[in-house]
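Both of the next two complexes hold chain A, though its partner changes from chain B to chain C.
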Partner chain A sequence: MRYAKITPYMFIMPMLLGLILFRFGPIVASFLISFTDWRGTRPPVFVGLGNYLEMFNSDVFWLVLLNTFNFTLLYVPGVMVLGLGLALLVNQKLKGIAVFRGIYYLPAITSMVAVALVWNWIFTARFGVLNHVLRTYLGVSNPPNWLSNPDTALLVLVIVSIWKSAGLPMMIYLAGLKGIPAYLYEAARIDGANGWQQFRHITLPMLTPVSFFVLIITLFDAFSTFEVTFAMTRGGPLNASTTLPFYIYNNAFNFFRYGFSSALAYVLMVIVMILTYINFRMRSRWVVQDAY
Partner chain B sequence: MLIEKAKRGIATPQFRVQVDNVRHHGVTLTRHTLNYALLIVTAFLMAFPFLWMLSTTFKTQSAIFSLPPMLIPDRLFTPDMFSSYERLFAEHNFARYTFNSFYVSLMASIGQLITASLAGFAFARLEFRGKNVLFGLLLATALVPIEVTIIPEFLLAMQVFEPLFNFFGGRWIDTYNPLIVPSFFVGTTGTFLLREFFRTVPRELEEAAVVDGATVFHIYRHVYLPLSLPAMTTLFLLAFINNWNALLRPVIYVKSPELRTLPIALTTFQSEYTAQWDMLLAGSVVTILPLLVVYIFAQRYIVEGISTTGLKG
Partner chain C sequence: MKKYFSIASAAVILSLAAAASAQDTVTLRFYTTQPEATERPMIETCAAELGINVDATFVQGGVNNLMTELRALNTGGSLPDVFWMSSGFVAEFVLDGLLLNIQEYVDRDIMPQAENYFVSAFEAGRVNGDLYAFPNHFVHTVMFYNIDAFEEAGVPLPTTDWTWEDFRSAAEALTIDKNGDGLTDQYGYYFFGRYAHIEAWVYQNNGDWLNADKTAFEPTPEAVATIEFLKSLIDDGLAPTPAEMQGLPNPFTSGLAAMWLDGSWSIDTIRSNATFRFGVAIPPRGPSWQRDIAHGWSDMYAVGAFTQHPEESWALINCLTGPNRTADLVEAGKIPVYRPVAESEAWLELDKQPANKALLLEWAEFIGPNAFTPGWGEWRGYVDGAGLQGQLDEVFNGNRSIEEALNAVRTTVTNVLNRFYSN
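Now for the complex of A and B:
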């Protein structure tokens, strides 16, 4: 193909324009805005590190940060384990397996708001079906008021998020499982390895590159979780289920504190970058490099 | 580059050896039964919220709040079985919201196809300065949470686009523009997916066109686009699902009730009709059902797309 030097740029022009206006531009702008006090319709005022100082001196911020880490610590392993478990289940040559795979993936394609409604109903204290099961069949005399109890609200968000997001890791793990050569299992069986030993010494190590990828995207998901909080608890009660992304939203679009929320957004981005960096540095410690 | 690294781990040659034929027949039978039992129990647990949702929409108010909870809804197969749905459309404008969701999702997805296929083609087949740097940056921005970019995006909309559009007699805020245009332009996953696809197209196919003196755009339009129909379908479906379910931008930009998309209609509905679970969940069913139908008929494309890109769209 022969073409003028300018031609390729014509092809990427729309995407480039979009990247500048809606990605690169905002990333830089948000950094600058984080040094201003910008409220509602009033013009911004430069305050230096003011927003960051306010943040670090605020109890709510530290609570929100703690919530964010608690959420992540439960969500990431939860999604990875459930995703792998579902992948193992549907990685069988059985009739109708595509139907099961379809059902397991279903939560992933549905609107969070729509499923949050039914989860709200399931977790309702007195008339909810979950507490009915707990009271009647599991002998829990006084099951918690899940969504209005500060001790359990965040846990509910974790459970719903894991259920909702396990489909994608399932698909990725499934592709990984199908890529493990069958002769490895055959050799292990000849050596007398049982099912668990095969899983522990072949499946898991062979899946480490996939697990690494799943870890990166799941971690990213955990630090951008907004919809479940918005749809189920609005961060309550008393900020008990507020995580950083929702706190940013709340400060920007309910309190109209653009400067302060931009500072929060930058803290969030730096945390994500540091964790992603650490993951890449730690990669060689546990990921089997020549798995294939 | 991150995605490519991980992909190297996934997309490798497969070796299949059949070893199952030595197993004793009886053992296989019990194991199959056990496997199916496990699959069915898991399917029930994963699908329970959907079943409970559907069941509740067919209940009267007193059945909803009965203890123990009623498994079989009391309005099932009675003449007023669908009354929650009827009220939803008759009294609450859900037909309009459904149309809005369709419109926004369709426009944004078509836009994303255009930008992503143009850029994907350039990254796959054309040489230009800064190509690798740009592609790296494109992938890197995929790891920036939307919470970081949404505030300046909103301020840009308020302070620049709105006055600009007002000047020319139009509007930006409280229209579909801020819902459609950003996802129209920024299609990281799509660009990546189509670039990967275009790279697999044999170069010989374009040679005939080159000999005929066709322009680059002609080659893109008449050689690459027709060949990439399956990949484009996948991308379109993923983009459609994403836009259909989108919440943050509609929450921020949509003010007029008649412009609401389904998710945003549901959240306002939720605050107005707290305990009317049959109505609320009928709203959920209406929101989920169109995607469910698409999913059932196009599962192959969707599954293909997510396992090659590892991203939702």
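Now for the complex of A and C:
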């Protein structure tokens, strides 16, 4: 009885301590570091808002930020549409459909390095499959250097990322589709609704809670994209495909600018927080609250 | 009872003596990126020879991982006694006072037997005239050429005094559209803006990227002329653009280019992948050439500035980089700094390619200036392909002028160096 009040806390203490030491600690520390010039070879020098001012006065930062938004604007809808499309495809009652589900989910669990190698062979300029098709079958005499052209490098990363990431949303949408009561479709058919009308007025609205969830996780995914950039373009040419997470990594672990990269990380965090807040505020406008 | 008491007392005294003796033995903390399989036996040999203990840590994942770890250790006040040092970081570590000046040790132990060392390879560890890191081995950039392609095209093999015009003539003869489809099947040469592809050309044309004290990006006219020459190779179809080759396996080893200038360490890679005979040549001389200058640098060991055991730390480095570093402990294209090992048949590998591997030792005598500064990796684009490398690639890809590119680099270098030198 005497220890009843603290006993539950003792049970969660290890987790709580871990959280405080290894999560909240670094979060607070990196916030403080963001106000310093620190490279680890000498004590940090307090620079006030210097890192933030340098960032906002840097052309590279604005380019990287633009790249991050462009990536997100293409990636998030791309993953959601492809995920939903695949879910609709694998929601058929066909023999061996589980195999198809497995195949479509395979990219999600494949190593990004392996994926990048394969896509490199598709997009590479001289011997790439894509340019071979463009040259040989479509008569394009001078097809683009996809990976090293500033106008196309980011687009390539978006395409590869969408292809690789659509598997998880597919599974989530599939679960959502399975949860839509069959009687809604039966009633719609009796009322004469065609397939598109059923999809537009039953499937889509009933999936809005799932879509909201997919939107949030895909948004986080977009703002933390790293592997595909690292494996395919290293952010090049000249930062044309660099997004914020990769820029943070470069500044921290290649240029050893811990203060500047911490400041970048906080800007990224604020952007993600604002977007998440907006999404939650907008939720009531398009998510059917009692869909099930 | 008295007897047992005496035995127990003796045992206690002996164990205390042993503990005291163990405490007297110096223990050095040692960090390296080198493979544990080859390094640990050497470290143990040296430790036994010197009568010290070495607590060795083998950092995986390359130099940048080690540099991150060293920064963390330094922040925690526990910089190791001895650690691996890459040329690109020496200037920064010296600037921030993390490396011990080892000039007096080198003067005492190495210079009296200077004929046994490639002294030219010491330069990468020198800052303001003093040595702060000592080479384990060194490398330089050389021209690799495909002997089979040269013979098929009837082109004479490169000589030690060949010029840019000789090189261009060879590249023209080696650029071939084998099936007549309008696409080049074999280029004379392949390169992009990487430091190991460019700097040797600049130095062999008597040019430089930086001012004399390395505090500003001031490309000499000879350096600019070098870039113009390299660009002309692409314009004339003798080399592909960097964009065309992105994402492909090495064009030289795959036979797509007949010549390729890169670090001597590439020998292992070429041996493993190429199906043709290859040789090495020194980079050709430009029109402004005055003397041969090799673009070379070293992988080194350094002593931490805060070590309590500077003498033992230096002794360990001396042991690791001397006769104990036998040829089998160094990769094929990396040259041991201890000359008798480098000149041994075991290192020269007379039964393997390139047949003229000894040229690497001759070229080592000409190692000259380098462009390493604090933040070199950042402004040179060493890791991220931006900086000077990215700008040069844009020039070679035809997307911007040389002047535009070099002006952009000037801004980058100024910003980077200002960070290091302003406070």
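Quick note on the criterion: the second predicted complex is superposed on the first by the 275 of 292 C-alpha atoms of A that agree within 3 Å, B and C clash if a C-alpha of one lies under 4 Å from a C-alpha of the other, contacts with A are read in each partner's own complex, and residues count from 1 in each chain.
The definition used in the following text is that a contact is a pair of C-beta atoms (placed from the backbone, for glycine too) under 8 Å apart; a residue touches a chain by one contact, two chains touch by 3 or more.
This structure is a prediction, so every number in the text was calculated from the model and none was measured.
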item	value
Touching partner for A:Ser161 - first (chain B), second (chain C), both, neither	neither
First, second, both or neither for A:Thr218, with chain B first and chain C second	neither
First, second, both or neither for A:Asn91, with chain B first and chain C second	neither
Touching partner for A:Asn67 - first (chain B), second (chain C), both, neither	neither
Touching partner for A:Phe253 - first (chain B), second (chain C), both, neither	both
Which partner, chain B or chain C, touches more chain A residues	B
Chain B versus chain C as contact partner of A:Ala125, first or second or both or neither	second
Contact residues common to both interfaces of chain A (with chain B and with chain C)	121, 127, 253
Contacting residues of chain A [partner chain B, same complex]	1-3, 5, 7-9, 11-12, 14-19, 21-27, 29-30, 33, 86, 89-90, 92, 94, 97-98, 100-115, 117-119, 121-122, 127, 129, 132, 136, 163, 168, 171-172, 174-176, 178-179, 181-183, 185-186, 189, 209-210, 212-213, 216-217, 220, 223-224, 226-227, 230-231, 244-245, 248-249, 252-253, 258, 261-262, 265-266, 268-269, 272-273, 276, 291-292
Chain C-touching residues of chain A, taken from the complex the two chains share	37, 39-42, 45, 120-121, 123-128, 145, 147-150, 232, 234-239, 242, 250, 253-257
Touching residues (chain side chain C, partner chain A) in the complex	64, 67-68, 70-72, 74-75, 92-93, 96-98, 240-248, 375, 377-378, 383-386, 390-391, 393-394, 397, 399, 419, 423
Residue ranges of chain B touching chain A (in the complex, touch as defined)	2-3, 5-6, 8-12, 14-17, 19, 32, 35-36, 38-39, 42-43, 46-47, 49-50, 52-53, 56, 64-65, 67-69, 114-116, 118-119, 121-123, 125-128, 131, 134, 137-138, 141, 143-156, 182, 184-187, 191, 206, 210, 215-216, 219-220, 241, 244-245, 247-248, 251-252, 262-264, 266-267, 270, 277, 280-281, 283-285, 287-288, 291-292, 295-296, 299, 302-303, 306-307, 310-312
